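Look at the two complexes coming up: chain A is in both, with chain B in one and chain C in the other.
Up next, the complex of A and B:
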């Protein structure tokens, strides 16, 4: 009984030479599998697109990202300039208002409000 | 004839621009003073900058709303203000140069205040073109401070009046003392 099993195993595991063309078929299959593993965007590209242009979508995406970043930076700069201009405007109006108020208060408190009571016109008192 | 008029208009353009720019003063270059001054306020806002600033004014804020009212029609706001820790550290000659520009035709002095005691002076000038105000100038000097303000465009004193209380400025008595009531000098 055990001899039968041994014979059967020997027969099943005996050395067998590969068929002709086995190595070529294995290599061909490896190549097919490697092709199937390529990134999706590359496999979806039109067939007429040259191999070198397969990075075109990446380049387009990078360019779009760069444009978006630049536009955002421009918007931020514009906003900063606008806020600075607003603050300058408020400051300028404040200074102008203060000096106008100074003049009008002086005019309204002095009587009679002759301009050159104290000094000659144009004299700053220096 | 049409071409002649067009040519004439082109030739007269620089003159028209010069007349329009009359209210713009040549302010002194005071860069050297910035190191000596305790406080410096240098503001240069041309028409484009005013437009830009107007876009960032918040209508819900009282001071911004007041500012928007005042700046409508303005094409330039220029401020030079310096404060020092010692008396008369600034070149009075430069201030006088600005005063001389205000003696040109078109400028009218509204207010002139001199105080020998405080050694201070405040002058308010209005530039008038065809009975319309197109510029305002303020020169205020004190021993340790001087300020020059030049506003260009359709200056409306009533709108300036609306600033009262908005920037911490007390009420101006414009109704009580109109420019006609107080023509100083000239």
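Up next, the complex of A and C:
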């Protein structure tokens, strides 16, 4: 028996095998971890899609949402402009109506019919 | 026939590309080293299994960072030692029990006494975590102080100091446990310390 502490330590600390199936248990843990980390929507996508392409639906949905918001904003702006134009037209028509009314009254009150106006031309009254 | 390093290198490339079977080959190639390190650090088979699995899980997450088969071994030792040290520090145990027979372990070396080995393992398990890691990397993994320093992020002087003090402590405790058997390593023998420290000194010089 060797009395050298180096040899004693090397013999005592020699490598040992883990229990059987260690690699399988590691792979199983990796599988569980990957399943937990994977986003849910990605699990519904076909497996043949590359990992990067799995974000494509999100990008498409986000773009569609952005387009819808922009179109809606444009529509709202047009409607507001239309309402303003309508209001301006109504105001213009009201002002024009008032002016016409004033003109009509002025015409009617400016030259009231007189008696001489009833005399026929060429009539001397003799 | 391809050698182990070549197979590991090929498996590493394939594992990086997402091949689970190639990763399993890597696990099988290094499970003995990782598990043994964790077992000797923690002196508990269940915790050792858990730490060894965690080391391989971390490897799977960081496969792209591994540059070569040599780097893989270095990385696994480093991560396993640090995981075990963290676990020991987060839940320090009050009682350290030496492990008896290991399942699947090598046949006992006929030149050494199994009882002596068991006592030696118990003494190593009683060392502080950092010193224990240094002794394990020196005597289980056969690394020199420079490599141990790189693995544990310590200075070489710290590693040498750990080794010197640990060997003195081990020898003292071993002598105290076996005063009459005559099995103890020769306490006047300084060859062990010299060998433990001298390897790197020779390599460095």
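In the analysis below, the second predicted complex is superposed on the first by the 82 of 126 C-alpha atoms of A that agree within 3 Å, B and C clash if a C-alpha of one lies under 4 Å from a C-alpha of the other, contacts with A are read in each partner's own complex, and residues count from 1 in each chain.
By definition in this document, contacts are C-beta pairs under 8 Å (C-beta built on N, C-alpha and C of every residue); 3 or more make two chains touch, one makes a residue touch a chain.
As the structure is a computational prediction, the values presented were derived from the model and not from experiment.
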Touched partner set for A:10, first chain B, second chain C, both or neither: second
A:96 touches, of chain B and chain C: first, second, both or neither? first
First, second, both or neither for A:27, with chain B first and chain C second: second
Touching partner for A:106 - first (chain B), second (chain C), both, neither: first
Partner chain in contact with A:85 - chain B first, chain C second, else both or neither: first
First, second, both or neither for A:18, with chain B first and chain C second: second
Touched chain A residues, chain B compared with chain C: B
Contacts of A:36 with chain B and chain C, given as first, second, both or neither: neither
Residue numbers on chain B that touch chain A, as the complex places them: 41, 43, 45, 49-50, 52-57, 63-64, 67, 70-71, 77, 79, 81, 88, 92, 95-96, 99, 111-124, 136, 138, 140-141, 143, 147, 149, 151, 160, 163, 167-170, 172-174, 176-177, 182, 184-185
Residue numbers on chain A that touch chain C, as the complex places them: 1-20, 22-27, 29-30, 33
Chain B-touching residues of chain A, taken from the complex the two chains share: 79, 81-83, 85-86, 88-108, 110, 113-119, 121-126
Footprint of chain A on chain C - complex, ascending: 20, 23-24, 27-28, 31-33, 35-36, 39-40, 45, 48-49, 52-53, 56-57, 60, 102-106, 109, 111-113, 116-118, 120-121, 124, 135-136, 139-140, 142, 167, 170-171, 174, 183-186, 189, 191-192, 195-196
